[in-house]
Each structure stands twice: as C-alpha cells, then as structure tokens.
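All chains are identified by letter, namely A, B and C, in their written order; residue positions are counted from 1 within each chain.
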Amino acid sequence: MASATGLDRRWIFLVMGVLVVSLYVLGEAAEMPVNEYVQSYYDTIEALPEGTIVMLSADFDPASMAELLPMYQGTIHQLLRNNIRVLNVSTWPAAPPYTRAEFDRIAPQYEKVYGVDWVELGFKPGDDVAMGQIGQSVRSAYAKDDRNLKPLNELPLLNDVSAGFGGISLLITMSAGYPGILEWIAQAGGRYEVPILTGTTAVQTPDLYAYYPSQLEGFLGAATGATQYLQLVGEQTEDVHESRDRNQARMLIQSWVHIFIVLLIVVGNVLYFVGKRSAA
Amino acid sequence: MKREIPILLTVLCGLAITWAFFSPYGPSQAVNDELLAWGTVLFSVAFLLGIGNLVRISLKQISSGHPDRYYKALLLLMLFGYLGVGISEIHGWFGITEGDNLRRDWIYNRIFQPLQATMFSLLAFYIASAAFRAFRARSMEATLLLVAGAIVMLGQVPLGDQITGGLASRWLAFLMSYINAAGQKAIIVGAALGTLATGLRIVLGLERSYLSE
Amino acid sequence: MEAFVSFLDSAGEGMAPWIDTGKFPTLVAILAYAAVMFVSQAAAKRGVHIPIRRIAGLDALDEAIGRSTEMGRPVLYVPGIDEIKEIQTIYSMMILRHVARKTAEYGTDLIVPVKDSVVMAFAEEAVKQGCQDAGRPDAFIADNVRYLSNEQFAFCAGVAGIMNRERPAANIMLGMFFAESLILAETGYESGAIQVAGTAKQHQLPFFVAACDYTIIGEEYFAVTAYLTREPGLLGTIRAADVIKGIAIALLLVGVALATYFADVEGETWFTTFQRLYG
C-alpha cells in the first residue's frame, strides 16, 4: 500500500476520517455568499406566476441524496409557497419513495391538495427514451399516477397539461448522472424549448457552465449550491432552517477537507522536489 | 442474410427515428413512438439475459468449490430473496397486505442505501490519496493542473475565501466561466462530432464490426 | 427560398408540417457532415495518405497486453457503464474485439465485467469474434464476460473485487464512465496493474489522468479503431471530423467578429465595445 513517496495511503485515510468526524461533532454553521447561478435559480422560480405548472424530475438515488435531497426539499418549499403546481416525475427507480416522503411532509404545511396542487407520476423506465416519451405526451407516457394509481384524467392538474410540454412553464431536475440534466436539455430544452433549472452533484457541475445561461436558467452545483439555495429559501421558510444549518455545518467540514487536500498536494510536491534534489 | 437483415433493420430504424426528430408529421411520430416502445420492451427483457449470466456463473463457482462460493451464495440469496419479497408484497401473499411495501422498503433503506452511500463516500478518500500521489509539478501542464485544482478546491468553500481574502471565489468564477466553459465546449463539440460520425456510420450500415460474422 | 419554406410549413388543414423548419439548419449540417465524410472515405480508399498523430495510450494497449502475458495474469477490460445505445459503448465493443484478438493471439485471459445485460450480449459477441479473428475460437471463455449488476456502485464494487482477487496485470477502461471512475482507477493502481483509460465524458477525465498510466481524451477515443486498424473508411471519418471542426472554428471567429462589430454603442470605440462585451 506504500506510494512512491513511502507514505502508506491509509495514513491519509485515517487523518481524513478523524478530521471529518471531529468537525461533524464539534463544527458550527456559518453563512456563505450566494453565487450568480444559485441566485438565478431562485429568482427564476420566484418570477413564476401563481398557478403555473412546473415539472419536477427526481433523477437521483441514495448515493447522491446527501447533495441533492436538500435542494429538492428547498425547491418543493419554494414552489408550493408560491402556489406553483408541481408535476413530479422520475427517470431513476430509486427516487420516488424519497420524493413521496418529502411531499407528504411539506405539502400539508401549505394546505396543498393532491391531484390539484401536485401530482406524482413516479418512475418511468427507459432513460432518455422515457424523457422523450414524457416530453411528447405525459398522458401517453403514464397511464396512472404513482400515489393512488388513478387514471390521469381524474387528476385536475393534468387537465392543463398537453402534449409537447404544453402547459408546463418550467422543468426542474435534480440530476445525479445519467439520465439527467444533459439528456433533459436535449429532449426537453432542445426539442420543446422548455426553460430548465437543475441541481446536480459536484462531479457534474463543471459541465453546466457551458449551458448557462442559454440552455439553463440557473443551477445549484453540489453541496455548495444546496447550502446557498437553502439560505435564500430559509429567509421565508422556517422548515428548511434545520436543513440549512446542517448544510452550513457540512460546508465547514468540506472547507477543511478541501484545505487538507490542498495541503496534501503541497506536501506531496515538497517531498517530490526534495527527493529529486537528493537523487541528483 | 444473417448479417444483411440486422444491418437493414438498423438502417431502417435509425433513419426512422432520425427523421422523426425533424418531422412533426403524425405518421413519422407514430413510427417513432412504436420503435421507442419496442426499445423499452427489449431493454426490460434483456434483464433476464443478465440475470441468467449472473446465476450461471455463480452456480458454477459454488458447485466447483471456488474460494468466493459463499459470497456467490449470498449474492443469489439476496437476488432472489429480494425479488420474492417484492412480488409477495405486490400480490399480498403469506398474509401480507397487498401493496404493503414495508419489508421491501426496510431492506432497501437499511441495506442497499447505506451500502450505496458508503461506496460513493469512498470517492472522498480516494481523491485525497490520488491528489497526494498524482498532482506533482513534473511539467508545465501538470503544474497548471495542480494550480487549477487548488484554486477550484479553495474557491468552492467559504474558508478558502477567508484564507485568500476573497480571491479564491473570484478566480474560481473566472476559471469556471471562461477557461473551463471554453474547454468543456471544445471537448463537447469534438466528442459530439465523433459521436455523430460513428452514429452516421452505424445508421447507414457502414459500420458492422459490432455485429457477429 | 421563402416560397419553399412556406410550402414546407403549410400542410393543409389538420395536418402537421412535413418538416420542422426550425430544425432545418441542423438537418443541413448533418447532411453536409455526411457528404464530407463520404468524400473523405472515398479519398482514403483511393490511397490518399491521412496521417494520425501518435497517441501514447493506444501504443500502450499492446504493451499492456504483452505485460499481462509475461506475468501470467489476465487483462481486465471495462467497457464503461452505459447502455448499448450510447455511441461510446458501441465504440468500446469495437475496441474490445481488437483487444480480444490480441489476448487470444498471446494466450492471455480477458475478463470483461459489464453493467448492462444488452451490453453483455454485445461483449460476448465481440470477444468471440476477436478470438475467431486471431484464429483461436477455443480461446473464448463465456464465463469471463460477466454481468455484475445494473446498479452503478454495485458494479463498481464488483469490478474492484475482481481487481483485488484476480489481480489483472492490465486494466483497460474505455467507454462512458461516471462517479465510479476514480474508485476503479485507484483500486487498479493499488493492485499494481498498468492502466489505460479513455472516455469522451469530459468530467471523468481528470480522475483518469490523475490515477491511470495512460489516458485517451475526448475525441482521441473515437480515433482508436482508425489508429489501430488504419482502415481507409475509418481514417476518412477522422479526416471528415477535422474538416468540420475547421469549418466550425472559422464560423466561430467570423461570428464573434460580426457580433462585436454590430454590438457597438454610439460613442464607443472598438476597444471599449470589446471590453464591455468580453471584459
């Protein structure tokens, strides 16, 4: 397990583990500045008129929930608080149980009625093919809703939705990978010119700068974006304060881990040049 | 004909779906919908192929006394056990209330979800060891890589800004919005052209090496 | 032209337009690309020399397989984790056939773990064909093409397990990868294997660059089969991509110049316009 410098990488793992655990136990939350992309995400939703319909796609699984679920929670709060109607779909099979739990918890706070204010259509298999089908016609893609297994024509919200994203003013996706935001941009933004917002994991975030602002109205990048967004949502919504504080504390841990990695890079280079000089 | 028919099918289906992208004409969209539905069915049925392969290899290793036979037995137990639990809950067998997903959700939330999150968490540790080992200023390009990596890591977190007096996030914004976006767009365009070329060759039946001879 | 466009747009009552004129430029671009590709392929088949610069990762493929043979250990080939409809996966199958031919020639075992059942069928066929190309159909071992799981990290754990238990001397990871790329690359590094990785998925490239011995980046990935086989048709395709890229760069520069020229506000100098737009 020894590396080229003679340092066993398990020491690095140990220090990292101790650092994370101690900060988790002892760390405190701190406010952070909001970047332009998060502000744009928030402002786009705030600008929607009451009663408009938004398609909210949960494209994640437990592995990425730590980053994406807080974004999802904050988005549901912001949408329902502003009386935006939500059509919830998913192209990842693991997501619907979690999204159902979130709507169960949050919707009653705003006295929202299922079928009128929000509908859960659930998981649609087929990856980007499924996205194409949803875009072409929600009613053809789904026979029944996922919560009560009722035909779609019994749900009042669907009366205002037509083929080709008709009636849907905005698409929001929490995307952990494939299928996700890039496929939605091709299937929805490219084909039907629907405005799109997204929240993604850290690995996918660098991709999004190339699509902003032409194909993306705004985006939440990784845990940093989630924290900044929850700060904005938390100005009017008390329910997210706990999640916001938890994310701010997590940002402290992430800060120190990043600094630790930068220090590792510096130490590694020092050892490299010292070793080179001694060899010379 | 063993090769010609698959190639003909590939060409016809490829052209039909490509044409449906350009033509909102009713019949072309109907053909597209039908082909997409067939694709969904094929992918679903292909699961059986994969399960068959998994079961065959696992049983072989169990029966031959392979050192990993216990893990293979556990794999098969989890595979068919979870399948059985899910089916019995859907149909309400063994006295379970029909549609009650408690057991399936319990296995998913208590076993699968923590395992998946754990595997994902390994990335954090591996990034640290990879950064220590690989980010060495051996050349100009490697130096640029490590400097950019350090700027991104510091700029993403509030503490990085405090250490650098607010410079880290400004440099990060510049790096990501201009240099990264330009580089990403260039790679995206290059990869897209390669994808288009290969796709055209496959759809037009020019590329056949993936087919059996 | 306007009459032609309005003819296309109109379609009589109750009938959709024959063609979405908003996508006309896309159709023209694809047809132009196809035309350039055919011309380039024809030129290549006529004998026109089309050079490809040296790509270290591709030269290392043979070295990696040779190393495995010397050490008596298998070669591990991971064709990515995406489905067969992803072009990178199809391309990976073509490269797998070449790698299978090499391993069959050298008499080395080739292990191919896959994440998708349809890809498994293609992988089996590619390995079988590769063995036949080498004149060694008996070298094909069906159990070495293994479907592990459709779940990303379950597949990753399975491949990591193969790397740790079966200790391949060469890891070849070519295809579409996601978050598991660093775990695979680091585990492979720790097992002591020589690693060649390649993907056109740009956000996984840094992890491969950091952890692998050789990395094939972006569009180099689509030049692999042309590089290895030097088949005229494939070389022509590479040339066509380069021609289209040159046209795209020229159009980009012209577009930027025109947009800058027409963006000036009265009273602004060219320099202040440039500063306002791009500063």
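Simple rule for what comes next: contacts are C-beta pairs under 8 Å (C-beta built on N, C-alpha and C of every residue); 3 or more make two chains touch, one makes a residue touch a chain.
The structure displayed is predicted, hence computed values, not measured ones.
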item	value
Most centrally placed chain - per-chain CA mean versus overall CA mean	B
Winner on C-beta contact pairs when B-C is weighed against A-B	B-C
Chain separated most widely from chain A, comparing mean CA positions	C
For chain A paired with chain C, centre-to-centre distance based on mean C-alpha positions, whole Å	28
Cα-centroid distance, chain A relative to chain B, in whole angstrom	18
Shared-contact residues (touching 2 or more other chains) in chain A	9, 63, 206-207
Sequence positions of chain C contacting 2 or more other chains	83, 153, 179, 202
Chain B, residues touching no fewer than two other chains	21, 39, 43, 116, 119-120, 127, 129, 131, 133, 135, 149, 184, 188
Partner chain A, residues of chain C touching it in the complex	82-83, 152-153, 176, 178-179, 190, 202-204
Sites on chain B touched by chain C in the complex	21-26, 39, 42-43, 46-51, 53-54, 56-57, 60, 68, 115-116, 119-120, 122-123, 126-127, 129-131, 133-135, 145, 149, 183-184, 187-191, 193-202, 204, 206-207, 209-213
Residue ranges of chain A touching chain B (in the complex, touch as defined)	3-5, 7, 9, 12-13, 16-17, 30, 32-33, 35-36, 61-66, 94, 97, 125-126, 129-130, 132-133, 136, 140, 191, 206-207, 209-210, 222, 224, 251-252, 254-262, 264-265, 267-269, 272-273
Chain C residues touching chain B - in the complex, by the definition given at the top	11, 15-20, 23, 26-27, 30, 33-34, 37, 83, 85, 87-88, 90-91, 93-94, 97, 116-118, 120-122, 125-126, 128-129, 132, 143, 145-148, 150-151, 153-154, 156-157, 165, 179-180, 182-183, 185-186, 189, 200-202, 206-207, 209-211, 217-219, 221-223, 225, 233, 237, 240-241, 244-245, 248
Touch list for chain A against partner chain C, complex	1, 9, 63, 127, 177-178, 201, 203-204, 206-207
